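Next, two complexes with chain A in common: one pairs it with chain B, the other with chain C.
Right, the complex of A and B next:
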């Protein structure tokens, strides 16, 4: 056997040997290159932040940490941040569950409208709600003036409300996905055997959902403590870690303390990420194999229906109002002072360049992210090398890393040659790629698990090279996963602020940053108009992308189905 | 087939995206720290005068200073246009700026031109007290005529000013009060004032808009946007308290790393800044300009200025930041 192999290789020319080598080892080479990318663009910046926090001109030091732990101000900041994260996570996951339950188990007529209203905030920057709250409850706000309410919106309460409204959709989306994939048979059997709906939710739905709940909680927590737009605009004098990091770095160039704050911000995220992985181990709930069956709409019992409707309507209505007032404010001359209809904020073309830049950056990020995500999923599922789990964990960890920290990390890691990226457009795109990679990778893994490896093996057996197999079989199967990663990265990159705010440079202004600046500046009209324009652009882009996938998905699904 | 179609769309869009970022011929990058509106005014003036396009993004003085300090010696811009004295003097001292003696600035005094050519000052700006006319009238209050009146507890939570950590205006406010009341008295004044401050904003101009819209009753703010906000119809009143106001320059300099064609373009920009026309524009906004021009904010009256040593103020900025943090970044409820 060995002898035949040797003679076989001996017959090959040098070029053929190289080709043969690549054919056999390509997946390992691919895995290695992808790992290097992850190492450079995800691990290295985090590592750079960690190193910076222990660094002084004289070498290693604990002085910055001592500074942190001996100042009540920083402590207060940490405490506020964690409290905000905790409150928000509880509210967002609970409300998100109500929405998800109503859109999957609730009355048919309510499912679609509730789903739409719960998804709306995704198309706007999270700090849109800070803007709305100022318009409504500011000292010259609509509600303040009309009803004479004397409620101080600037402070902890305001930040909690704004962040909650901003991250309900995230919780909703993850939970809805999870509820949909639960087989309703179990719930229906319980119902047939006479259990009340409350009991079913408590003893069946929620326990089955626990992995989803956990994951949603983790995501909401991380996003809440890292996205600092709302806290920076509404916080007043209440300190939070993320905006403090921003002031440290952008305002004072104090990279040492900025790094310490970043490390403090990342700690709880890592703890939760590890706990989440640990808790989920061996807790994979598979109800009954096979495709999920759509649940028959059941009559909801009033004990569940009334509170659920009350909660979803309250939050849905609030979200709707918040969007409505921002749209309105875009056309008001000086809100609260000269309430006259004007087009000048909309016609302020300075923000258009920023929106165009945002589209460019998001598109580049989505393209690269989609490709890398798909390839990563492929090597994770099909590769046979040591460290596969490690690659999987690293590529999924992006979403557990606060954007603020990644921004600071990129600023430190890529500021000087040979890896100088600051001052350009690629640094804006790349940080989005690696932060939002998880969705594409997960979608890819799920897709590949559905496809038996035998098809690929058959193709190899029939003499196709690795590349042919990859192009003709793997790519078509994975195209939907690519699209999923693409759309998610594109949308999130358009609206996210926390990382890019550190990295924008002259000529590469982004819409999210422009809106944030205008809002912090008190220019409500300009901020609202820019938000409105950006939301319109995002919606248009989503429609185009959706049409595009609908066209292409058809024959792909058929291919997948035939397989 | 359809997959190919979508691929084609992707490719075309990619080309558009990449193609769109091709550089314009005469273009430089600058850090500009005047208000967003005034940045645009200056960019448009330079474009009209020289054909050079300036790529810029709005940041406040303090933020630009932080950025430059963090980037040194690998600057991501060709020049600074509109930054405060601390950064300008620091840049000269550390040789971050590159000297250029412009013949177009001849006859301008040394407040506005560095004799060695390291910097040029396109206009002095100040801070003033602003109030919301309607909000004051509602309470029956008058705009204070002395800084000391701001310490009255009736203003608690009603005053906004910028943070000296991020804003050049607020830094100017701080060194002016330290100069006015002396080191000890100055800090005492700031500490008492702090009790009435609602919060410290990022940018020195922000209080103008916040007070103008009526979010807060009083603001200590940069004078550079007041004229335009009054013209737009904001119900603002403003005044120079009897103790006087401080000032700082709005400086331009070329980075030491700027070479070749970019350096030649930057020199042209510096030349254009020395024209009478720009002084007219800046004075129209409210700046005290290098060449005599009719000031649209202060009119013919020169306001009372506090005696300042900008060089010393620049030297002490970082020390004062530390004191500031130790005094005002303490526990909150």
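Right, the complex of A and C next:
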């Protein structure tokens, strides 16, 4: 065997040999390059933060940590952040469950409307709710003025409310997915044996959902403690880690303390990410065997129906009001002072420039993210090298990393040559690319698992080179995954604030940062108008996504039929 | 004994559609106490839907469900004395075998000791002693089936509803479980509605078979009635294999029921006991493979004997299947205990004898076409 191989190689010219080598090893070379990219743009910045937190001009030091734990202020900040995460998680998961139960088990007529209202916050940045609360309860807010209610919205309560409203969709989506994969016959069996609906929920539905509930809880926790905008706008004098990091870095230029706060912020996330990966492995009641059975609507018992409807309607209505007042405020001159219709916020030049910049940055991020995500999925599924799982884990971990930490990390890591990126447009795009890879990679993995490796091997058999196979067979199949990654990265990059707030340079304002600044300085009209335009872009994007998936699905079906 | 007693379960003119899809079109059935009634029909014909209507999971559009003389159509499942066993068993994966069996009893607020006694009793009943603390996913398919059955029996229901309870098991186990279910059902004297798409299963297990197709009841009867006196072509070919032969009645004597029919292979003398036929009717002869005699041809012309060629001879031990060509039509003849039979070789000339006791069907569409 070896002998024939050597003679075969000996017959080739040098160029052919190089080509041969690349064909055989391409996937490994690709994997290595991708790993390097992940290392540089995801691991290195975090490593840089860690190093910075232990660094003093003299070398290694624990002084910054000592500083952190001896100041009551910082400790309070950590405590508030974790408490916020805890309260939010409990509310979001409970309310998310109510919505998910109603949209899968509730009356038919309510399913669609409740699902839509529970998903609406997804099209908006989380800090939209901070803005809404200011419009409603601020010093010159609608409710404050109309009803004379004097409720201090700046503080812990305000942040909790805004965060809850913002992260209900996340919990809802995960739980709805989970409930849908429950075999409805299980609940029906309990019903058959005499259980009432409340008992069924307590003894069957919730226990079966427990892995999903835990997963949703972990995710909501990570997302809420890392979210910067609501705490920064509404926190007032109450300290939270994410905005404190911002103050340290941008306000006081204290990079060491900023790094310590970042480390404190990332610790729970890492713990939870590991828990998420290992704790939940194999812990799933896969209860549908064979064909899935659609659950038939059943009459809800009033003991369940009344509270569930009350909760979902209350939150649904609040979400609706929050959106409505932001749209309204975009057209009001100075809210509470000069309540007249104006177009000047919508037409504002700086706001429009910021939107345009955001679109540019997001487009670049989406393009790079889509490509890298697709390639990553390919090497993860088809590669045969050790460390595949590691690459998968790193590329999926981005979503669990607080944007604040990535922002600080990029600022530290890419501030000086040889890799000076700060002050440019690329740094704004790149952090988004690597934080939001997960969706594209997962879509790609799913797609690749759907197609048989044999199709590829058949192409190899017919003498096609690796590149031809990749171009002719793999790319067309992966295209929908690329689109998914592209659109998701675009949408999240459009609204993302927590990382870019560290990275924008004066000449290059982004929409998210413009909204944040405007809201913080009480320029409600400008903030609302920019938010409205941002949401419009995101919605357009989703419509395009829908059309594209329809189109590409048809395309693939046709190809499948022809083969 | 059950004749003057009213039926335990009565379905009256049940209709159900899902949107435009009419699934059940006026189903009326009576199930007597202690009886096992089987709904059999091809997949998608509405068997599960009917069972779910009885159990209270699906709302019917019109009609009545009566249990022990009480209309229960409006009641939710937890207030009905029916117990359903779903096709996928629907055992609670987060509970042990024992906890699964105890679930309904806890709901009924039995006390702990009584529950434990009942659980042990049930485990013995389905021969699963010692499995009480197993998780469900550590049980084999057959064991899961037993648990599901035991769970349904836990709190003696008035009617047991079994939706294809053994269709997920492999062939040998299926027969074993089928007989086991039948044994327990008769022993416990529990009124049961059994759903299956397998006609042989239905034949083997039922007191009464209800054949469903396209949402209509095609025939209700005992296994013998269904097999020997099918009311139409669908039933005849649904239960076991059947050879159809077109014929026209030349004469029929009402007193003796002796008839002469002509077929493309000549005249046959038959006993047609069904009173509705008269001379001149176009009919279909329903000839079961095992009722035909087959022998090597000796060329003699005799009554009810048709000449043919043996095309294939398939020996399966207890049975030999002969594919015989009569002209250009192929019929199937079964030879029971083929070792005692005259040896036959493929491509031999053979003759087949049609029994006088043949079931006869009116040829569909023949009536109106004549007039």
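Operating definition for what follows: the second predicted complex is superposed on the first by the 496 of 563 C-alpha atoms of A that agree within 3 Å, B and C clash if a C-alpha of one lies under 4 Å from a C-alpha of the other, contacts with A are read in each partner's own complex, and residues count from 1 in each chain.
Operating definition for what follows: a residue touches a chain if its C-beta (ideal position, glycine included) is under 8 Å from a C-beta of that chain, and two chains touch if they have at least 3 such contacts.
This structure is a prediction, so every number in the text was calculated from the model and none was measured.
Using the contact criterion defined above for the overlaid structures, shared-chain residue A:182 touches neither chain B nor chain C, since it reaches no partner. In the superposition on chain A, contact of A:196 is made with chain C only, not with chain B. Residue contacts after overlaying the shared chain place A:253 against chain B, while chain C stays out of touching range. When both complexes are overlaid on chain A, the residue A:237 reaches chain B alone and has no touch with chain C. Shared-chain residue A:425: touches chain B; no touch with chain C. Comparing the two interfaces of chain A, the one with chain B and the one with chain C have no residue in common. Within the complex formed with chain A, the chain B residues making contact are 1-3, 5-6, 9-10, 13-14, 17, 20-21, 29-32, 36, 40, 55-59, 62-63, 65-67, 69-71, 74, 76-77, 134, 163, 165-166, 198-203, 205-206, 209-210, 212-216, 232-235, 321, 329-332. On chain C, the positions that touch chain A within their shared complex are 52, 55-58, 76-79, 82-84, 86, 88, 90, 92-94, 103-104, 107-108, 151, 154-155.
Every residue of chain A that touches chain B in the complex is listed here, in rising order: 71-73, 76, 134, 138-140, 154, 232, 235-239, 247, 249-253, 255, 333-338, 350, 356, 360, 363-364, 367, 411, 415-417, 420, 422-423, 425, 476, 479, 504-509, 517, 520-524, 548-549, 551-552, 554-556. On the side of chain A, the complex with chain C involves touching residues 183, 185-186, 188-196, 199, 203-204, 207-208, 210, 285, 287, 289-290, 293, 296, 298-299.
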